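Same chain, two partners: chain A is paired with chain B first, then with chain C.
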Partner chain A sequence: MLNQRARAVKYGRRANNSFIVFRCADVDVLDCSVPQYNNRLDTPLPDVPFVRNLGADQKKLKEKEKGAWTSLSKEEKLALYRLSFELTYPEMKRGSGEWKTVLGGIFFFLGFTGLLVWWQRFSVFGDVPHTLSPEWVEQQTQRMLDMRVNPVHGFSTKWDYEKKQWK
Partner chain B sequence: MSLPKPVMRGLLGKRLRFHLPIAFTLSVIAAVAFKYAVTEPRKQAYADFYKQYDAMKEFSAMREAGVFESVRPSGE
Partner chain C sequence: MTKKRLVMFRAAVRLSVSGVRSLTRSRPQYAAPLAARCYSHGKQETDEEFDARWVSYFSKPDIDAWELRKGMNTLIGYDLVPEPKILEAALRACRRLNDLGSAIRILEAVKDKAGPHKEIYPYLIQELRPTLNELGISTPEELGIDKA
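Coming up: the complex of A and B.
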């Protein structure tokens, strides 16, 4: 059990990194009793560097880092960065294509709902009330015009009472 | 390390002094615009309608159409 905890299990794409896990009941579990490395936008300096167990070349680079930094080449500086950090800020912030899945799912389920509503219309709903039949609506409209509904701005202004037709 | 100290106080007051006159003016403009674009034409339309309105003629027309319960069309 203890030697399982001391071993840094290969996690993610790199070996010798600081995602310290141990195996428990066939599951990889983060060991939160030791400081962990994290890629977070709001914590620019994590508790531990990303690569803990340095190889020989990396140790040499670290020794060179103790001197003047102007003597470091660009590749060396980048290598030192990658020793301390797994992801850069742009890499952390990069978008994913998830929105396409979300939008596709929304449209798919909207379509499915449309099918359900259509089925409901002809299999579940009863008949429409008789007051919506064309004869009834015709008599209703005539009565509304006789009553002079909204004569200033509205309904009755659209009817020509002399010619007995719509304007 | 020689940046000037940022402003720490009076931020809300400054924002209000800037935005409140603008908000007030825009609200007044909106109200005046609504009055002269909507309510005045509407009042005028009603005034014009009733200037030419013959109540008895309209009443007779409605009576003949048969919409009243207190007076039936003159034929019955």
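Coming up: the complex of A and C.
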């Protein structure tokens, strides 16, 4: 028991708020058999207030709440709100900056892949076949024209056989 | 001009002319008689009956905290922004339960319910202003929690 209390002090915030936990094998386990606090846009009033274990000041404030609210200052009203609720609606809806991390990671790894591909090109791949050399391609093209490859709409129609040049 | 009219009129007025959803109801734009609708059997509740039911729910003198929470969470689950009179009854219920935090939370919740229709929330606050002043409830704007 004493051990537990010491640990509760260590996780001070968790002891005060409504994550109702119990200790099991040195780990704080959420007790799902009791109502828990939650921040949800569609549930404005959760089952339990956020702060359950009130300090002396907070108890005094709660007593003051029973009187006329017109006598409360703005800070006190805000404090009462924060006792019951962890996040305000704008805080719940606030986005994170995670997308920047994701996009940056994508670009980084794309760049890294590009480096790998470039290195591969001059370090891993051998020479291209000799049939792609300019001399070979020239002779090959001449042979295709002599054969009249695709003479109706295709390749040979682009060669002017009279003037011996491309159209 | 439509915006001004929204603020001035009571919420029960349908705004089907401008094509904008009515202020606090999302209903079909054509007000067909119930017999012609293809709903399941039984009478469909009118807006006024709906409002009256919820006002009387929150007006229970000895309402308890659970009932307040259940009522509010259910109401927020509907596809509509509650009428000022329902909210007034809910705020008074918070007062009976000595729960200022919940009162402010309710105001935040209806602002969120209005969604992209930014003219609804100022209208609600305008209608609730006497109650807010009487009970001493500050709006989220006055407390500075309307910005993240």
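Keep in mind that, in the parts below, the second predicted complex is superposed on the first by the 94 of 167 C-alpha atoms of A that agree within 3 Å, B and C clash if a C-alpha of one lies under 4 Å from a C-alpha of the other, contacts with A are read in each partner's own complex, and residues count from 1 in each chain.
Note that in this section a contact is a pair of C-beta atoms (placed from the backbone, for glycine too) under 8 Å apart; a residue touches a chain by one contact, two chains touch by 3 or more.
Since this is a predicted model, take the numbers as computed values, not measurements.
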item: First (chain B), second (chain C), both or neither touched by A:T70; value: second
item: Which of chain B and chain C A:D42 touches, first, second, both or neither; value: second
item: Residues of chain A touched, compared between chain B and chain C (which is higher); value: C
item: Touched partner set for A:Y81, first chain B, second chain C, both or neither; value: second
item: Touched partner set for A:K93, first chain B, second chain C, both or neither; value: second
item: In the complex, chain B residues that touch chain A; value: 42, 45-46, 49, 58, 61-62, 65-67
item: Sites on chain C touched by chain A in the complex; value: 68-69, 72-73, 76-77, 95, 98-102, 104-106, 108-109, 111-112, 135-138, 140, 142-148
item: Chain A residues within the chain C interface of the complex; value: 41-47, 49, 65-66, 68-72, 74, 77-78, 80-85, 88-91, 93-94
item: Residue numbers on chain A that touch chain B, as the complex places them; value: 143, 146-148, 151-153, 161
